[in-house]
Amino acid sequence: MTARTGVALEWRDGPTVTGDHGGLDLAVPYRMEERLWESGGSPGAGRAMPVLTAIGERFGRERPLEGLRIAACLHVTAETAVLMGALKAGGAQIALAASNPLSTQDDVAEALRSYDIAVHARAGVDRATYYRHIHQALDLAPDLVLDDGCDLVNILHTERTDLLGGVSGGCEETTTGIIRLRQMAAEGALRFPMVAVNDTRTKRMFDNRYGTGQSTLDGIMRATNLMLAGRTVIVAGFGYCGRGVAERAKGLGARVIVTEIDPVKALDASLQGYEVRPMESAALVGDLFITVTGNRDVIRAEHLALMRDGAILANAGHFDVEIDVRALEEMAVSLNQGVRPNTDEYVLADGRRLLLLAEGRLVNLTAAEGHPAAVMDMSFSAQALAVAWLAAERLNLAPGVYDVPEDIDVEVARLKLAATGIEIDRLTADQEDYLHSWRTGS
Amino acid sequence: MTARTGVALEWRDGPTVTGDHGGLDLAVPYRMEERLWESGGSPGAGRAMPVLTAIGERFGRERPLEGLRIAACLHVTAETAVLMGALKAGGAQIALAASNPLSTQDDVAEALRSYDIAVHARAGVDRATYYRHIHQALDLAPDLVLDDGCDLVNILHTERTDLLGGVSGGCEETTTGIIRLRQMAAEGALRFPMVAVNDTRTKRMFDNRYGTGQSTLDGIMRATNLMLAGRTVIVAGFGYCGRGVAERAKGLGARVIVTEIDPVKALDASLQGYEVRPMESAALVGDLFITVTGNRDVIRAEHLALMRDGAILANAGHFDVEIDVRALEEMAVSLNQGVRPNTDEYVLADGRRLLLLAEGRLVNLTAAEGHPAAVMDMSFSAQALAVAWLAAERLNLAPGVYDVPEDIDVEVARLKLAATGIEIDRLTADQEDYLHSWRTGS
Amino acid sequence: MTARTGVALEWRDGPTVTGDHGGLDLAVPYRMEERLWESGGSPGAGRAMPVLTAIGERFGRERPLEGLRIAACLHVTAETAVLMGALKAGGAQIALAASNPLSTQDDVAEALRSYDIAVHARAGVDRATYYRHIHQALDLAPDLVLDDGCDLVNILHTERTDLLGGVSGGCEETTTGIIRLRQMAAEGALRFPMVAVNDTRTKRMFDNRYGTGQSTLDGIMRATNLMLAGRTVIVAGFGYCGRGVAERAKGLGARVIVTEIDPVKALDASLQGYEVRPMESAALVGDLFITVTGNRDVIRAEHLALMRDGAILANAGHFDVEIDVRALEEMAVSLNQGVRPNTDEYVLADGRRLLLLAEGRLVNLTAAEGHPAAVMDMSFSAQALAVAWLAAERLNLAPGVYDVPEDIDVEVARLKLAATGIEIDRLTADQEDYLHSWRTGS
Amino acid sequence: MTARTGVALEWRDGPTVTGDHGGLDLAVPYRMEERLWESGGSPGAGRAMPVLTAIGERFGRERPLEGLRIAACLHVTAETAVLMGALKAGGAQIALAASNPLSTQDDVAEALRSYDIAVHARAGVDRATYYRHIHQALDLAPDLVLDDGCDLVNILHTERTDLLGGVSGGCEETTTGIIRLRQMAAEGALRFPMVAVNDTRTKRMFDNRYGTGQSTLDGIMRATNLMLAGRTVIVAGFGYCGRGVAERAKGLGARVIVTEIDPVKALDASLQGYEVRPMESAALVGDLFITVTGNRDVIRAEHLALMRDGAILANAGHFDVEIDVRALEEMAVSLNQGVRPNTDEYVLADGRRLLLLAEGRLVNLTAAEGHPAAVMDMSFSAQALAVAWLAAERLNLAPGVYDVPEDIDVEVARLKLAATGIEIDRLTADQEDYLHSWRTGS
């Protein structure tokens, strides 16, 4: 056995793969996947993104994107590289710009270039360069576009209207971007079909419920080394993320109390065995508070005033507005920063000490590693299949915002089960008939 | 203290109530609710149907149905009586026919009559009488109708078209009825708006997930006295009901294996920690099989051939087609009926003995008591509020099938929380603004 | 296929068995086990008492009791019959008297007699006959004795001292009996070794934790048809039984609060995620109270005074002293008996209604069916193996009270795993060495 | 509000405390507890070691160690400093040597010296110096001793027998030390009473079950960023630690399979709903394997040969012998070290990749932070109370090894509940009588 340290130096230079991939042109996704080990990928069952890898292999056989030009504006990371590899394996010509210069990994960009993908991105560039990069990607004169925040689509509709005629569809993966697109569609301004790939059933499971659930508690444990068994944990919000957080806190032995403003969600929490209280009551008994509501000021001065000495405050909601940090600062007489990693201690006038994690920002991203690659695998797989669907259907689709077709969601789940080695039943012909007759009511 | 046995003899003769109800005209619902104790109602937190009772009280104050005539075709049971009482408290004049002569409780009918509700129903009547009763209820010339299976609405549209002009809306509470109504609507035949009250979020929680989950295991325990801890339980189907059944089996200490045909549901089951297998693999290891799929022949000869000696078969799906009982009968060399209540033992040629519960019919209805009154409380509360909504909106609604408005669902949940003594948070003005600005994207 | 109803009429007349038992003399236990179907046995994985049946089979091969006379004083039930069959298969000559005339099943007694076991028991006999039966059993001049409450052993030491010289050991299965035996031993009065078979690790698991846990909730559901999801359940006592009850209530969706007087148990409950409160605080919020402490007056007037309208009171502790029923009666202004099976409603002066289940007696025995046969299987299996151990070791044992040897407990667990089809690992020779060296500290 | 970074620079110079401590001489424990923030302490409910702090406060009032000299040989860490502070507050004069020079924190040593505790320890000293330090501590001529591994006690009995006459008792906190002491006692060599403080019910809860359970999964998440939901986790061993690990893995959404060699533990795992298999069967399906048996070679070449590509191997047992790492090295054709922190990838000849965490050493110590301070709080609290008990009882105790008295365990639990704000019930006089009469059998 020969030992070597670090795989990164090696994978980049080799020409191709691939033995068990059957000689397909899958050099990039395969090797990119290897790369994930370094950048936070999760070493799951053999491969970090098995579903997207399987899709890449199929694309290599079926070439659904043959001859299409795709301009993409995405975070330039290892996970994105696997997506780019799958699209290229499907026959596409690709130009990629960064959706945020801060997240660009220059070595990933370099690797992609060596596999003939045009990457217009560099870590830390200024605003002007950022926009120039998008224009450079658009210079490809794309048939399809991939966007993350709607900047590329916006430029197309304002500064590059000459290219609009050639674009027959695209995907957008953020909630914010979808909102902008829907407004454009409502005003009649959107000129081609866009698929809202940010929300599928499989992504919601992996991302919101199970992904955020685990990574939030992971982040809290890393920041505090707190033993959760026997603690009283207040989870503010019982949406998909909130119930994921509540399940994990309960699974680690905590007594969980839920706060809500929606009666239906509150009732569901109660039926699942959680105690439900208003925050002003929960504030009195919590050891640890986790906000995950999507709203602001969920924990306010009036609640901070009631908390126990040593209470811990963490946020798992998208924006850092859920805990009113300004109120905490105003109530404190001193601040001990960094008493633990990502942990600041605020000392109040009455001597109570409140501990704020990650300055009230997303604790799962700041104190842990955010989503495992398994989560991105689901999102990007839906995206790859949505691109193939667009390639096939684009001439039949009116401009507008489309949900990911149900079939694609089912297909992603099917591939994920296959990657996990889980088999399920198939309907017999009699069962198909029975269901059909029942649903049609005949 | 004076002791008396049985409450039924007493409640019927008294004229009114009611101290803590503030002297409202709530004689009927209050007393009807008492009546539930005898007929299978669940002695919950003080009252068996607190939400519907609260709605009845509010109706008594607000009289939203003042002057309206309502013809109803429903099971004539104690729970229905509470609904009738609430509607009457709201100001309606009511005529009630039975939706099934087998379920009619004659003493309930009699009691309702004594409170000035016209009941056209008697247990065990023949088919001609059943239809005559519906006609008699329709003779009221209703403004609104309540239906359970669409028979009354059907007669209105075929034999009593003279009355159609006066009917401005109605509710239908079964899936089967909704299918018929949608066909009528699709053909342009439906002449007034109908609300599909069979499916709300709160009802789905109480009925499908938590109600069926518990009552299924309850029925199995009553039938078998089986200790579930350590048993391997196969749950076929992971819809709302299936996950409820799986949760309860797990909660009783069983190792649960899920079978599915839908990849997305299978994946969800897996992420919740359940083992997922195809039935032909699960058949080898199960101690207890529970079907809850909505499909037929989920357990077939090929599966029965693989099962262990002593395996138990139960169905919690709506129809008795999920276990192929005919195949079981053909494979058996002898049958020992009633080895336990609702338990038949089939002896196969190789000596294995398979135990079929409740002849493959709904085990929660047959071997236990079906839904607790708390479940009917949610359904009938949504129905009462839907009637009030129809009363207010009926002149603005085109013919067609309508979902229960979201607001009604939230209101039912709100009232249920109040009845349970659970308080939740309210949005501050700043939070309302924040959510609004976010959702509108401005 | 031929159908027949009821197995009881048939099994009694046949001479013997039985194919898959290899022709061993196991007629009695095999057929007795069949009999269990009627009398509350649980139709588990093929056989209701598989471990005891396997021991009976082994006894048939190894004849460890060859030539020994055994006098037993036990409940004359189907489960006991299986034990008797196993001992007889082992070569023993047996005389059986009833330990309680109320529990005697005359048809079981008759069946045992037809298989050459002398049964001195009849349902409902008077006190004098009861004692005469014990004397008749002792007339066998036993080598070994089995007792349930110490009556037989007591008579031996007082009225039948002539037989003492022949008795070389015995088993006692109740806590009460063990206390009497220990007093006798302390006073030097006990003349032979007695094994305390009432407490082994396997029995404690099956009986206290999992058995009582399930049957208590089962009894409550049968009595009330209460939907447990979302209810607040107070479990008083967190011993083996209490934690079993708490686990099952939690597993059915309830929010569980534990009360305790022992700080270590309270801390353990807390670390398992339960809320822990004193009863006077829990009384304010509980929907359902379950006492399982082994102490008296756990729920007293001062607690009843605080409870919500509709609160339900159940006892799962051995004696009916845990809920102060007298206090409840004194506080009530009226009583509605039997509002549901095993449910009485006490109406207090302020209008609140409290529901007492099973008159405060063991709710799992009264409202459900007590322990499944699987529990008795563990107890009686330990007893059968203890008898065989006594047969081998009796001449080496001084008079005194002995615990069941650890090996027997392990053997019962091993047989139970085998009956369930569960395989486990075996130590390699290296591992044996490693453990041995570690434990000896060398 | 003024901000400052790091509390360490400040706390050391101040003279005393302490307002809310009532002016007691608790400078050291109070300040030491502050110090924990830096060195891995967990910021729980206000204080990292609240129980030991409370004991220190009581010792300050009651002075149970007034005039006694204590020689201790322990890890010189912040947690130990809190223990030293408590003993000093109780009136003891203390000399402390390190039980391991690698774990000595020099700043803690320095701080303790400034509070008049004689510390003979320095990080990284050689063997000769290490023993000289123990001799220097013994020069105090102690009345009582605290040991961690039995070195100090051993030197007392061999090289410093002159001091033996003055020593009236001590505590030993490791399993290894206890084994040595029992051997000494068996040979009649032990000259004074020693309390085995390594095993109490409260410590077992906090340390083995809940502490190890959480920290093991924490370590695995930090090493792999693996999403546990939906993974198959094999837990080898179902002792206290094993069940803690299994509970946490299940609580994070994994499907857990248990392997065991003890039938009773295997049966218990099964009754708790876990699947139980032998390792050679589990090896085929596991995504993650965690050994926690106390034995060697639990995962061997024959198991590694069966595992899936990508399987992860972690050990939570005390020694690094549970996974046969040598076999893994021999089977591998290459090794990629550090593909993630604490994660090495072994590539086998057939292309499968197995991931070994922390080189097979304790994953909770290596990849996470070991026990939270809450665990040490329980252990050291039992130790402090054991010292006080020895101080009171030492003249009545014969030489030998003693368990921690049950009362001390209860007292630690009681203080922990108080620190957590949990109240429990107290027995009434009637209840005391009832229990007493029952237990005595009168």
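We just call them A, B, C and D in the order they show up, numbering each chain from 1.
Note that a residue touches a chain if its C-beta (ideal position, glycine included) is under 8 Å from a C-beta of that chain, and two chains touch if they have at least 3 such contacts.
The shown structure was predicted, so the numbers you read here are calculated from the model rather than taken from an experiment.
Trainee: Let me check something: if the centre of a chain is the mean of its CA atoms, which chain is farthest from subunit C?
Mentor: A
Trainee: Looking at A-B and B-C, which pair shares more C-beta contacts?
Mentor: It is B-C, judged by the count of C-beta pairs in contact.
Trainee: In whole angstrom, what separates the CA-based centres of subunit B and subunit D?
Mentor: One centre to the other, that is 54 Å.
Trainee: State, to the nearest whole Å, the distance from the C-alpha centre of subunit B to the C-alpha centre of subunit C.
Mentor: Each chain reduced to its C-alpha mean, subunit B and subunit C end up 39 Å apart.
Trainee: Provide the list of subunit A residues touching at least two other chains, using ranges where the numbers run on.
Mentor: Residues 206, 210, 229-230, 250, 253, 267, 270-271, 420 of subunit A touch two or more partner chains.
Trainee: Taking the touch rule as given, give the residues of subunit A at its contact with subunit C in the complex, in rising order.
Mentor: Residue list for subunit A touching subunit C: 229-230, 250, 253-256, 267, 270-275.
Trainee: List the residues on subunit C that touch subunit B in their complex, please.
Mentor: Touching subunit B: residues 1-7, 19-20, 37-38, 40-47, 206, 210-211, 213-214, 218, 221-222, 224-231, 247-248, 250-253, 285, 287, 308-312, 329-330, 332-340, 343, 345, 351-353, 355, 368-369, 372-375, 420-421 of subunit C.
Trainee: Okay, in this complex, where on subunit B does subunit A touch?
Mentor: So the residues of subunit B in touch with subunit A come to 176, 179-180, 182-183, 201-202, 205-206, 209-210, 259-264, 266-268, 270-271, 276-279, 281, 294-297, 321, 409-411, 413-414, 416-417, 420, 422-428, 430-431, 434-435, 438, 441.
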